[in-house]
Amino acid sequence: MSAFRHSARVYWEDTDAGGIVFYANYLKFMERARTEWLSALGFDLAQVEREHGIAFAVHRADIEYRAPARLSDRLDVGVSLIDAGRARFSVDQDVRRGDTTLVHARITLACLETEAWRPARIPAPLAERLDALRSKRL
Amino acid sequence: MSAFRHSARVYWEDTDAGGIVFYANYLKFMERARTEWLSALGFDLAQVEREHGIAFAVHRADIEYRAPARLSDRLDVGVSLIDAGRARFSVDQDVRRGDTTLVHARITLACLETEAWRPARIPAPLAERLDALRSKRL
Amino acid sequence: MSAFRHSARVYWEDTDAGGIVFYANYLKFMERARTEWLSALGFDLAQVEREHGIAFAVHRADIEYRAPARLSDRLDVGVSLIDAGRARFSVDQDVRRGDTTLVHARITLACLETEAWRPARIPAPLAERLDALRSKRL
Amino acid sequence: MSAFRHSARVYWEDTDAGGIVFYANYLKFMERARTEWLSALGFDLAQVEREHGIAFAVHRADIEYRAPARLSDRLDVGVSLIDAGRARFSVDQDVRRGDTTLVHARITLACLETEAWRPARIPAPLAERLDALRSKRL
(Lines give C-alpha, C1' and ligand atoms only; values in the text may rest on other atoms or scores of the structure.)
Protein backbone atom coordinates (compact mmCIF):
# COMPACT_ATOMS: atom_id res chain seq x y z
CA MET A 1 0.00 0.00 0.00
CA SER A 2 1.29 3.44 -0.94
CA ALA A 3 1.08 4.96 2.51
CA PHE A 4 3.24 7.84 3.66
CA ARG A 5 5.37 6.56 6.54
CA HIS A 6 6.93 8.40 9.47
CA SER A 7 9.22 6.87 12.10
CA ALA A 8 8.89 7.28 15.85
CA ARG A 9 10.80 5.92 18.82
CA VAL A 10 9.25 4.99 22.15
CA TYR A 11 10.66 7.08 25.01
CA TRP A 12 9.90 6.99 28.75
CA GLU A 13 7.29 9.74 28.25
CA ASP A 14 5.22 7.38 26.08
CA THR A 15 5.10 4.41 28.42
CA ASP A 16 3.01 3.72 31.51
CA ALA A 17 3.36 1.61 34.64
CA GLY A 18 2.21 -1.45 32.67
CA GLY A 19 5.55 -1.24 30.85
CA ILE A 20 3.86 -0.47 27.53
CA VAL A 21 2.85 2.62 25.57
CA PHE A 22 -0.16 4.36 27.13
CA TYR A 23 -3.15 3.99 24.81
CA ALA A 24 -3.67 7.75 24.27
CA ASN A 25 -0.08 8.21 23.18
CA TYR A 26 -0.47 6.28 19.94
CA LEU A 27 -2.74 9.18 18.93
CA LYS A 28 0.28 11.47 19.33
CA PHE A 29 2.34 9.25 17.02
CA MET A 30 -0.52 9.27 14.50
CA GLU A 31 -0.89 13.05 14.67
CA ARG A 32 2.85 13.51 14.09
CA ALA A 33 2.63 11.30 11.00
CA ARG A 34 -0.35 13.27 9.65
CA THR A 35 1.52 16.53 10.21
CA GLU A 36 4.59 15.23 8.35
CA TRP A 37 2.41 13.84 5.58
CA LEU A 38 0.69 17.21 5.03
CA SER A 39 4.09 18.86 5.28
CA ALA A 40 5.41 16.51 2.58
CA LEU A 41 2.40 17.50 0.44
CA GLY A 42 3.52 21.11 0.86
CA PHE A 43 1.19 22.17 3.68
CA ASP A 44 2.71 23.26 6.96
CA LEU A 45 -0.14 23.32 9.49
CA ALA A 46 1.12 26.37 11.38
CA GLN A 47 1.40 28.28 8.10
CA VAL A 48 -1.99 27.07 6.82
CA GLU A 49 -3.56 28.35 10.04
CA ARG A 50 -1.90 31.75 9.72
CA GLU A 51 -2.75 32.15 6.02
CA HIS A 52 -6.19 30.57 5.83
CA GLY A 53 -7.45 30.80 9.43
CA ILE A 54 -8.30 27.12 9.40
CA ALA A 55 -7.19 24.03 11.27
CA PHE A 56 -7.94 20.33 11.03
CA ALA A 57 -9.67 18.75 13.99
CA VAL A 58 -10.27 15.05 14.45
CA HIS A 59 -13.98 14.34 14.12
CA ARG A 60 -13.91 10.56 14.46
CA ALA A 61 -11.24 8.09 15.48
CA ASP A 62 -11.86 4.34 15.35
CA ILE A 63 -8.86 2.63 16.83
CA GLU A 64 -7.94 -1.03 17.19
CA TYR A 65 -5.11 -1.88 19.57
CA ARG A 66 -3.61 -5.24 18.56
CA ALA A 67 -0.28 -5.49 20.40
CA PRO A 68 1.67 -3.21 22.72
CA ALA A 69 4.78 -1.16 21.95
CA ARG A 70 7.49 -0.93 24.59
CA LEU A 71 10.34 1.34 25.69
CA SER A 72 13.00 1.87 22.99
CA ASP A 73 10.88 0.30 20.25
CA ARG A 74 11.37 1.81 16.82
CA LEU A 75 7.97 2.26 15.24
CA ASP A 76 6.82 3.52 11.93
CA VAL A 77 3.47 5.13 11.41
CA GLY A 78 1.54 5.16 8.17
CA VAL A 79 -0.97 7.59 6.68
CA SER A 80 -3.09 6.61 3.71
CA LEU A 81 -5.86 8.82 2.32
CA ILE A 82 -9.22 7.02 2.14
CA ASP A 83 -11.68 9.74 1.26
CA ALA A 84 -11.75 13.51 0.79
CA GLY A 85 -14.76 15.84 0.63
CA ARG A 86 -15.21 19.61 0.70
CA ALA A 87 -14.70 20.02 4.44
CA ARG A 88 -13.47 16.60 5.60
CA PHE A 89 -11.08 13.86 4.76
CA SER A 90 -10.40 10.39 6.14
CA VAL A 91 -7.17 8.48 6.50
CA ASP A 92 -6.16 4.98 7.47
CA GLN A 93 -3.29 4.91 9.93
CA ASP A 94 -1.24 2.08 11.30
CA VAL A 95 1.55 1.88 13.83
CA ARG A 96 4.02 -0.88 13.01
CA ARG A 97 7.08 -2.41 14.62
CA GLY A 98 8.87 -4.18 11.81
CA ASP A 99 6.24 -6.29 10.05
CA THR A 100 3.82 -6.29 12.99
CA THR A 101 0.88 -3.89 13.01
CA LEU A 102 0.42 -2.83 16.63
CA VAL A 103 -2.38 -0.31 16.15
CA HIS A 104 -4.74 0.40 13.29
CA ALA A 105 -7.01 3.43 13.07
CA ARG A 106 -9.44 5.15 10.76
CA ILE A 107 -9.41 8.89 11.39
CA THR A 108 -11.76 11.52 9.97
CA LEU A 109 -10.64 15.13 10.12
CA ALA A 110 -12.81 18.20 9.70
CA CYS A 111 -11.59 21.52 8.37
CA LEU A 112 -12.63 24.25 10.81
CA GLU A 113 -12.15 28.00 10.80
CA THR A 114 -10.31 28.72 14.03
CA GLU A 115 -12.30 31.80 15.10
CA ALA A 116 -15.52 30.01 15.93
CA TRP A 117 -14.51 26.38 15.27
CA ARG A 118 -17.18 26.11 12.55
CA PRO A 119 -16.82 23.85 9.48
CA ALA A 120 -14.91 25.41 6.61
CA ARG A 121 -13.93 24.35 3.09
CA ILE A 122 -10.54 22.75 2.74
CA PRO A 123 -8.29 25.41 1.09
CA ALA A 124 -8.28 24.83 -2.69
CA PRO A 125 -4.57 23.94 -3.13
CA LEU A 126 -4.82 21.23 -0.47
CA ALA A 127 -8.21 20.00 -1.72
CA GLU A 128 -6.64 19.52 -5.17
CA ARG A 129 -3.72 17.56 -3.77
CA LEU A 130 -6.06 15.32 -1.79
CA ASP A 131 -8.24 14.80 -4.88
CA ALA A 132 -5.20 13.81 -6.93
CA LEU A 133 -4.08 11.38 -4.23
CA ARG A 134 -7.52 9.84 -4.01
CA SER A 135 -7.75 9.38 -7.80
CA LYS A 136 -4.39 7.64 -7.87
CA ARG A 137 -5.71 5.11 -5.39
CA LEU A 138 -8.78 4.24 -7.46
CA MET B 1 -28.83 7.05 32.11
CA SER B 2 -27.29 5.46 35.19
CA ALA B 3 -23.66 6.24 34.32
CA PHE B 4 -20.93 6.67 36.88
CA ARG B 5 -19.70 10.25 36.54
CA HIS B 6 -16.29 11.76 37.34
CA SER B 7 -15.38 15.43 37.12
CA ALA B 8 -12.31 16.88 35.42
CA ARG B 9 -11.04 20.39 34.87
CA VAL B 10 -9.16 21.54 31.77
CA TYR B 11 -5.66 22.78 32.62
CA TRP B 12 -2.92 24.19 30.36
CA GLU B 13 -1.42 20.69 30.01
CA ASP B 14 -4.60 19.50 28.26
CA THR B 15 -4.84 22.23 25.63
CA ASP B 16 -2.98 22.77 22.37
CA ALA B 17 -2.06 25.74 20.20
CA GLY B 18 -5.55 25.64 18.67
CA GLY B 19 -6.80 26.85 22.06
CA ILE B 20 -8.74 23.65 22.64
CA VAL B 21 -8.13 20.29 24.32
CA PHE B 22 -5.77 18.09 22.25
CA TYR B 23 -7.70 15.12 20.88
CA ALA B 24 -5.60 12.46 22.61
CA ASN B 25 -6.13 14.07 26.00
CA TYR B 26 -9.84 13.22 26.16
CA LEU B 27 -8.63 9.61 26.38
CA LYS B 28 -6.84 10.57 29.58
CA PHE B 29 -10.06 12.02 31.03
CA MET B 30 -11.88 8.82 30.03
CA GLU B 31 -9.22 6.59 31.57
CA ARG B 32 -9.39 8.55 34.84
CA ALA B 33 -13.16 8.06 34.93
CA ARG B 34 -12.82 4.31 34.28
CA THR B 35 -10.25 4.04 37.08
CA GLU B 36 -12.52 5.89 39.52
CA TRP B 37 -15.50 3.78 38.43
CA LEU B 38 -13.63 0.52 39.09
CA SER B 39 -12.37 2.03 42.34
CA ALA B 40 -15.98 2.83 43.33
CA LEU B 41 -16.87 -0.81 42.53
CA GLY B 42 -14.15 -1.82 44.99
CA PHE B 43 -11.33 -2.53 42.55
CA ASP B 44 -8.17 -0.46 42.78
CA LEU B 45 -6.23 -1.14 39.57
CA ALA B 46 -2.79 -1.01 41.21
CA GLN B 47 -3.96 -3.50 43.84
CA VAL B 48 -5.66 -5.75 41.27
CA GLU B 49 -2.42 -5.88 39.33
CA ARG B 50 -0.38 -6.80 42.40
CA GLU B 51 -2.85 -9.44 43.59
CA HIS B 52 -4.01 -10.99 40.34
CA GLY B 53 -1.17 -10.14 37.93
CA ILE B 54 -3.64 -8.70 35.46
CA ALA B 55 -4.33 -5.33 33.91
CA PHE B 56 -6.97 -3.94 31.59
CA ALA B 57 -5.80 -2.74 28.21
CA VAL B 58 -7.94 -0.89 25.71
CA HIS B 59 -8.62 -3.15 22.73
CA ARG B 60 -10.90 -0.86 20.74
CA ALA B 61 -11.82 2.81 21.03
CA ASP B 62 -14.41 4.37 18.73
CA ILE B 63 -14.51 8.06 19.47
CA GLU B 64 -16.67 10.86 18.14
CA TYR B 65 -15.51 14.41 18.77
CA ARG B 66 -18.52 16.75 18.64
CA ALA B 67 -17.36 20.04 20.19
CA PRO B 68 -14.14 21.25 21.77
CA ALA B 69 -13.36 21.82 25.44
CA ARG B 70 -11.29 24.85 26.42
CA LEU B 71 -8.98 26.04 29.18
CA SER B 72 -10.65 26.18 32.62
CA ASP B 73 -13.71 24.23 31.47
CA ARG B 74 -15.26 22.02 34.09
CA LEU B 75 -16.11 18.70 32.48
CA ASP B 76 -17.72 15.58 33.71
CA VAL B 77 -16.98 12.20 32.27
CA GLY B 78 -19.38 9.25 32.27
CA VAL B 79 -18.81 5.50 32.28
CA SER B 80 -21.65 3.13 31.53
CA LEU B 81 -21.18 -0.63 31.19
CA ILE B 82 -22.46 -1.98 27.86
CA ASP B 83 -21.27 -5.55 27.79
CA ALA B 84 -19.10 -7.91 29.83
CA GLY B 85 -17.63 -11.28 28.86
CA ARG B 86 -15.04 -13.61 30.37
CA ALA B 87 -12.01 -11.62 29.31
CA ARG B 88 -13.44 -8.34 28.00
CA PHE B 89 -15.93 -5.63 28.76
CA SER B 90 -17.24 -2.60 26.92
CA VAL B 91 -18.27 0.80 28.20
CA ASP B 92 -19.90 3.87 26.76
CA GLN B 93 -18.16 7.06 27.78
CA ASP B 94 -19.06 10.68 27.28
CA VAL B 95 -17.34 13.93 28.13
CA ARG B 96 -19.81 16.68 28.95
CA ARG B 97 -19.66 20.37 29.74
CA GLY B 98 -22.98 21.11 31.43
CA ASP B 99 -25.66 19.64 29.18
CA THR B 100 -23.45 19.49 26.10
CA THR B 101 -21.80 16.22 25.10
CA LEU B 102 -18.40 17.15 23.70
CA VAL B 103 -17.04 13.66 23.09
CA HIS B 104 -18.66 10.24 22.96
CA ALA B 105 -16.77 6.96 22.89
CA ARG B 106 -17.31 3.22 22.95
CA ILE B 107 -14.35 1.53 24.59
CA THR B 108 -13.61 -2.21 24.77
CA LEU B 109 -11.11 -3.36 27.38
CA ALA B 110 -9.33 -6.69 27.48
CA CYS B 111 -8.12 -8.37 30.65
CA LEU B 112 -4.47 -9.31 30.19
CA GLU B 113 -1.97 -11.06 32.42
CA THR B 114 0.88 -8.62 32.75
CA GLU B 115 3.77 -11.08 32.35
CA ALA B 116 3.23 -11.85 28.68
CA TRP B 117 0.30 -9.51 27.90
CA ARG B 118 -1.86 -12.51 26.97
CA PRO B 119 -5.66 -12.56 27.43
CA ALA B 120 -6.78 -13.59 30.91
CA ARG B 121 -10.10 -14.12 32.67
CA ILE B 122 -11.48 -11.17 34.54
CA PRO B 123 -10.96 -11.95 38.27
CA ALA B 124 -14.15 -13.52 39.66
CA PRO B 125 -15.11 -10.78 42.14
CA LEU B 126 -14.96 -8.13 39.44
CA ALA B 127 -16.67 -10.36 36.86
CA GLU B 128 -19.55 -10.77 39.30
CA ARG B 129 -19.86 -7.03 39.88
CA LEU B 130 -19.86 -6.38 36.12
CA ASP B 131 -22.48 -9.11 35.61
CA ALA B 132 -24.69 -7.57 38.27
CA LEU B 133 -24.33 -4.13 36.69
CA ARG B 134 -25.16 -5.48 33.27
CA SER B 135 -28.27 -7.27 34.53
CA LYS B 136 -29.49 -4.10 36.19
CA ARG B 137 -29.34 -2.36 32.83
CA LEU B 138 -31.45 -4.97 31.05
CA MET C 1 3.13 26.72 56.60
CA SER C 2 0.20 28.60 55.13
CA ALA C 3 0.40 27.08 51.66
CA PHE C 4 -2.59 26.67 49.38
CA ARG C 5 -3.04 22.95 48.79
CA HIS C 6 -4.61 21.09 45.87
CA SER C 7 -5.14 17.34 45.64
CA ALA C 8 -4.21 15.12 42.71
CA ARG C 9 -4.42 11.42 42.04
CA VAL C 10 -1.92 9.41 40.05
CA TYR C 11 -3.49 7.81 36.98
CA TRP C 12 -1.97 5.58 34.29
CA GLU C 13 -1.28 8.65 32.13
CA ASP C 14 1.13 9.98 34.78
CA THR C 15 3.27 6.88 35.17
CA ASP C 16 6.07 5.45 33.07
CA ALA C 17 7.56 2.02 32.46
CA GLY C 18 9.61 2.39 35.66
CA GLY C 19 6.31 2.04 37.53
CA ILE C 20 6.57 5.59 38.89
CA VAL C 21 5.38 9.05 37.88
CA PHE C 22 7.39 10.40 34.91
CA TYR C 23 9.50 13.34 36.07
CA ALA C 24 7.93 15.91 33.74
CA ASN C 25 4.44 15.07 34.98
CA TYR C 26 5.00 16.52 38.45
CA LEU C 27 5.19 19.86 36.62
CA LYS C 28 1.63 19.24 35.45
CA PHE C 29 0.50 18.65 39.05
CA MET C 30 2.28 21.85 40.11
CA GLU C 31 0.73 23.87 37.29
CA ARG C 32 -2.75 22.61 38.23
CA ALA C 33 -2.15 23.72 41.82
CA ARG C 34 -0.98 27.17 40.71
CA THR C 35 -4.05 27.54 38.51
CA GLU C 36 -6.37 26.57 41.38
CA TRP C 37 -4.50 28.88 43.76
CA LEU C 38 -4.91 31.87 41.41
CA SER C 39 -8.51 30.84 40.87
CA ALA C 40 -9.03 30.80 44.67
CA LEU C 41 -7.53 34.32 44.76
CA GLY C 42 -10.20 35.33 42.23
CA PHE C 43 -8.16 35.11 39.04
CA ASP C 44 -9.22 32.64 36.38
CA LEU C 45 -6.30 32.38 33.95
CA ALA C 46 -8.45 32.00 30.84
CA GLN C 47 -10.42 35.11 31.85
CA VAL C 48 -7.29 37.09 32.77
CA GLU C 49 -5.89 36.32 29.31
CA ARG C 50 -9.07 37.47 27.57
CA GLU C 51 -9.40 40.65 29.65
CA HIS C 52 -5.78 41.70 30.09
CA GLY C 53 -4.04 39.98 27.15
CA ILE C 54 -1.46 38.53 29.50
CA ALA C 55 -0.38 35.08 30.62
CA PHE C 56 2.06 33.72 33.15
CA ALA C 57 4.98 31.74 31.80
CA VAL C 58 7.45 29.81 33.91
CA HIS C 59 10.82 31.54 33.76
CA ARG C 60 12.75 29.31 36.17
CA ALA C 61 12.01 25.97 37.78
CA ASP C 62 14.40 24.44 40.30
CA ILE C 63 13.10 21.01 41.17
CA GLU C 64 14.28 18.41 43.64
CA TYR C 65 12.91 14.89 43.26
CA ARG C 66 13.13 13.09 46.61
CA ALA C 67 10.91 10.01 46.30
CA PRO C 68 8.67 8.61 43.57
CA ALA C 69 4.88 8.62 43.39
CA ARG C 70 3.12 5.55 42.06
CA LEU C 71 -0.14 4.52 40.38
CA SER C 72 -3.25 5.31 42.48
CA ASP C 73 -1.32 7.47 44.95
CA ARG C 74 -3.28 10.36 46.38
CA LEU C 75 -1.04 13.41 46.37
CA ASP C 76 -1.48 16.93 47.52
CA VAL C 77 0.35 19.81 45.98
CA GLY C 78 1.22 23.05 47.77
CA VAL C 79 1.72 26.60 46.53
CA SER C 80 3.29 29.22 48.75
CA LEU C 81 4.17 32.72 47.56
CA ILE C 82 7.83 33.62 48.13
CA ASP C 83 8.28 36.87 46.29
CA ALA C 84 6.33 39.19 44.00
CA GLY C 85 7.59 42.03 41.82
CA ARG C 86 6.08 44.14 39.06
CA ALA C 87 6.35 41.54 36.34
CA ARG C 88 7.30 38.35 38.17
CA PHE C 89 6.50 36.27 41.20
CA SER C 90 8.01 33.18 42.80
CA VAL C 91 6.38 30.30 44.60
CA ASP C 92 7.53 27.32 46.57
CA GLN C 93 5.75 24.14 45.60
CA ASP C 94 5.79 20.68 47.08
CA VAL C 95 4.16 17.43 46.13
CA ARG C 96 3.29 15.31 49.16
CA ARG C 97 1.91 11.85 49.81
CA GLY C 98 0.67 11.98 53.38
CA ASP C 99 3.52 13.41 55.44
CA THR C 100 6.20 12.62 52.87
CA THR C 101 7.44 15.34 50.53
CA LEU C 102 8.12 13.63 47.19
CA VAL C 103 9.07 16.68 45.15
CA HIS C 104 9.99 20.22 46.07
CA ALA C 105 10.31 23.10 43.61
CA ARG C 106 10.94 26.80 43.45
CA ILE C 107 9.15 28.29 40.45
CA THR C 108 9.45 31.83 39.08
CA LEU C 109 6.72 33.03 36.75
CA ALA C 110 6.88 35.99 34.42
CA CYS C 111 3.88 38.01 33.32
CA LEU C 112 3.90 38.27 29.53
CA GLU C 113 1.61 39.97 27.06
CA THR C 114 0.43 37.22 24.78
CA GLU C 115 0.76 39.07 21.45
CA ALA C 116 4.56 39.20 21.38
CA TRP C 117 5.41 37.25 24.55
CA ARG C 118 7.14 40.33 26.00
CA PRO C 119 7.29 41.09 29.73
CA ALA C 120 4.25 42.91 31.07
CA ARG C 121 3.17 44.29 34.45
CA ILE C 122 1.08 42.00 36.57
CA PRO C 123 -2.51 43.37 36.40
CA ALA C 124 -3.12 45.67 39.39
CA PRO C 125 -5.84 43.65 41.16
CA LEU C 126 -3.65 40.53 41.16
CA ALA C 127 -0.50 42.48 42.09
CA GLU C 128 -2.35 43.81 45.14
CA ARG C 129 -3.48 40.35 46.20
CA LEU C 130 0.07 39.00 45.85
CA ASP C 131 1.43 41.98 47.84
CA ALA C 132 -1.06 41.35 50.63
CA LEU C 133 -0.14 37.65 50.68
CA ARG C 134 3.56 38.44 50.83
CA SER C 135 3.10 40.93 53.67
CA LYS C 136 1.16 38.35 55.68
CA ARG C 137 4.13 36.00 55.41
CA LEU C 138 6.64 38.59 56.68
CA MET D 1 31.07 22.81 23.14
CA SER D 2 31.23 19.11 22.39
CA ALA D 3 27.64 18.31 23.28
CA PHE D 4 25.71 15.40 21.86
CA ARG D 5 22.79 16.84 19.91
CA HIS D 6 19.38 15.35 19.10
CA SER D 7 16.72 16.95 16.91
CA ALA D 8 13.04 17.30 17.78
CA ARG D 9 10.08 18.87 16.05
CA VAL D 10 7.22 20.64 17.81
CA TYR D 11 3.88 18.93 17.18
CA TRP D 12 0.37 19.82 18.38
CA GLU D 13 0.81 17.50 21.38
CA ASP D 14 3.65 19.72 22.67
CA THR D 15 1.85 23.07 22.53
CA ASP D 16 -0.70 24.66 24.84
CA ALA D 17 -3.46 27.23 24.50
CA GLY D 18 -0.86 30.01 24.79
CA GLY D 19 0.34 28.91 21.33
CA ILE D 20 3.72 27.83 22.70
CA VAL D 21 5.28 24.62 24.02
CA PHE D 22 3.96 23.72 27.50
CA TYR D 23 6.78 24.11 30.04
CA ALA D 24 6.76 20.48 31.18
CA ASN D 25 7.16 19.23 27.62
CA TYR D 26 10.71 20.55 27.24
CA LEU D 27 11.59 17.92 29.85
CA LYS D 28 10.34 15.30 27.40
CA PHE D 29 12.62 16.68 24.68
CA MET D 30 15.52 16.65 27.15
CA GLU D 31 14.79 13.08 28.23
CA ARG D 32 14.70 11.92 24.61
CA ALA D 33 18.11 13.52 24.01
CA ARG D 34 19.57 11.84 27.13
CA THR D 35 18.21 8.48 25.97
CA GLU D 36 19.72 8.90 22.50
CA TRP D 37 23.01 10.08 24.01
CA LEU D 38 23.26 6.98 26.24
CA SER D 39 22.22 4.87 23.27
CA ALA D 40 25.03 6.44 21.19
CA LEU D 41 27.41 5.56 24.05
CA GLY D 42 26.26 1.95 23.69
CA PHE D 43 23.70 1.83 26.50
CA ASP D 44 20.08 1.15 25.64
CA LEU D 45 18.05 2.02 28.75
CA ALA D 46 15.52 -0.76 28.34
CA GLN D 47 18.35 -3.29 27.99
CA VAL D 48 20.31 -1.82 30.91
CA GLU D 49 17.23 -2.19 33.08
CA ARG D 50 16.72 -5.82 32.07
CA GLU D 51 20.38 -6.75 32.49
CA HIS D 52 21.38 -4.70 35.52
CA GLY D 53 18.03 -4.05 37.25
CA ILE D 54 18.79 -0.35 37.41
CA ALA D 55 17.32 2.82 35.99
CA PHE D 56 18.28 6.48 36.00
CA ALA D 57 15.91 8.83 37.78
CA VAL D 58 16.17 12.60 37.72
CA HIS D 59 17.19 13.83 41.16
CA ARG D 60 17.49 17.54 40.42
CA ALA D 61 16.46 19.71 37.49
CA ASP D 62 17.29 23.41 37.38
CA ILE D 63 15.66 24.85 34.31
CA GLU D 64 15.74 28.32 32.81
CA TYR D 65 13.13 29.14 30.18
CA ARG D 66 14.41 31.96 27.96
CA ALA D 67 12.15 32.02 24.91
CA PRO D 68 9.21 29.93 23.74
CA ALA D 69 9.12 27.30 21.00
CA ARG D 70 6.09 27.13 18.73
CA LEU D 71 4.19 24.68 16.54
CA SER D 72 6.30 23.23 13.68
CA ASP D 73 9.57 24.58 15.11
CA ARG D 74 12.59 22.39 14.47
CA LEU D 75 14.59 22.20 17.67
CA ASP D 76 17.80 20.54 18.62
CA VAL D 77 18.55 19.42 22.11
CA GLY D 78 22.03 19.11 23.59
CA VAL D 79 23.48 16.88 26.29
CA SER D 80 26.88 17.60 27.79
CA LEU D 81 28.31 15.66 30.74
CA ILE D 82 29.29 17.90 33.66
CA ASP D 83 30.09 15.48 36.43
CA ALA D 84 29.97 11.76 37.14
CA GLY D 85 30.23 9.94 40.46
CA ARG D 86 29.60 6.39 41.62
CA ALA D 87 25.83 6.63 41.71
CA ARG D 88 25.05 9.94 40.01
CA PHE D 89 25.93 12.06 37.04
CA SER D 90 25.04 15.58 35.91
CA VAL D 91 24.48 16.97 32.46
CA ASP D 92 23.93 20.38 30.96
CA GLN D 93 21.11 20.45 28.46
CA ASP D 94 19.91 23.13 26.10
CA VAL D 95 17.04 23.35 23.67
CA ARG D 96 17.88 25.46 20.64
CA ARG D 97 16.09 26.75 17.58
CA GLY D 98 18.83 27.66 15.16
CA ASP D 99 21.29 29.81 17.09
CA THR D 100 18.82 30.73 19.82
CA THR D 101 18.89 28.89 23.14
CA LEU D 102 15.26 28.61 24.25
CA VAL D 103 15.77 26.54 27.39
CA HIS D 104 18.81 25.69 29.44
CA ALA D 105 18.88 23.07 32.20
CA ARG D 106 21.26 21.37 34.59
CA ILE D 107 20.02 17.85 35.33
CA THR D 108 21.35 15.42 37.95
CA LEU D 109 20.44 11.77 37.53
CA ALA D 110 20.68 9.07 40.17
CA CYS D 111 21.24 5.41 39.44
CA LEU D 112 18.58 3.38 41.25
CA GLU D 113 17.92 -0.33 41.49
CA THR D 114 14.37 -0.72 40.24
CA GLU D 115 13.13 -3.19 42.87
CA ALA D 116 13.14 -0.77 45.80
CA TRP D 117 14.20 2.47 44.05
CA ARG D 118 17.29 2.65 46.26
CA PRO D 119 20.61 4.20 45.10
CA ALA D 120 22.86 1.84 43.16
CA ARG D 121 26.28 2.05 41.56
CA ILE D 122 26.36 2.97 37.91
CA PRO D 123 27.18 -0.28 36.01
CA ALA D 124 30.95 -0.42 35.41
CA PRO D 125 30.94 -0.24 31.58
CA LEU D 126 28.84 2.92 31.65
CA ALA D 127 30.81 4.41 34.57
CA GLU D 128 33.97 3.99 32.51
CA ARG D 129 32.47 5.66 29.47
CA LEU D 130 31.28 8.59 31.59
CA ASP D 131 34.72 8.87 33.21
CA ALA D 132 36.39 8.95 29.82
CA LEU D 133 33.97 11.62 28.62
CA ARG D 134 34.55 13.72 31.70
CA SER D 135 38.32 13.50 31.34
CA LYS D 136 38.12 14.61 27.74
CA ARG D 137 36.31 17.76 28.86
CA LEU D 138 38.98 18.70 31.43
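Each chain carries a letter (A, B, C and D) given by its place in the written order, and its residues are counted from 1.
Keep this in mind: a residue touches a chain if its C-beta (ideal position, glycine included) is under 8 Å from a C-beta of that chain, and two chains touch if they have at least 3 such contacts.
Quick caveat, the model's predicted, so the values are computed rather than measured.
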Reference chain C; chain at largest CA-centroid distance: A
Averaged-CA centre spacing for the pair chain C and chain A, given as whole angstrom: 33
Chain A and chain B, separation of their C-alpha mean positions in angstrom: 24
Cα-centroid distance, chain B relative to chain C, in whole angstrom: 28
Sites on chain A at which at least two other chains make contact: 12-13, 17-20, 24, 28, 31, 46, 70-71
Arrangement of touching chains [line / ring / star / complete / other]: complete
Chain B to chain D touching residues, read off their complex: 12-13, 15-20, 22, 24, 70-71
Complex interface listing, chain D residues touching chain A: 9, 11-13, 28, 31-32, 35, 39, 44-47, 70-72
Interface residues, chain C side, partner chain D - complex: 17-20, 23-25, 27-28, 31, 46, 55, 57-65, 67-68, 114, 117
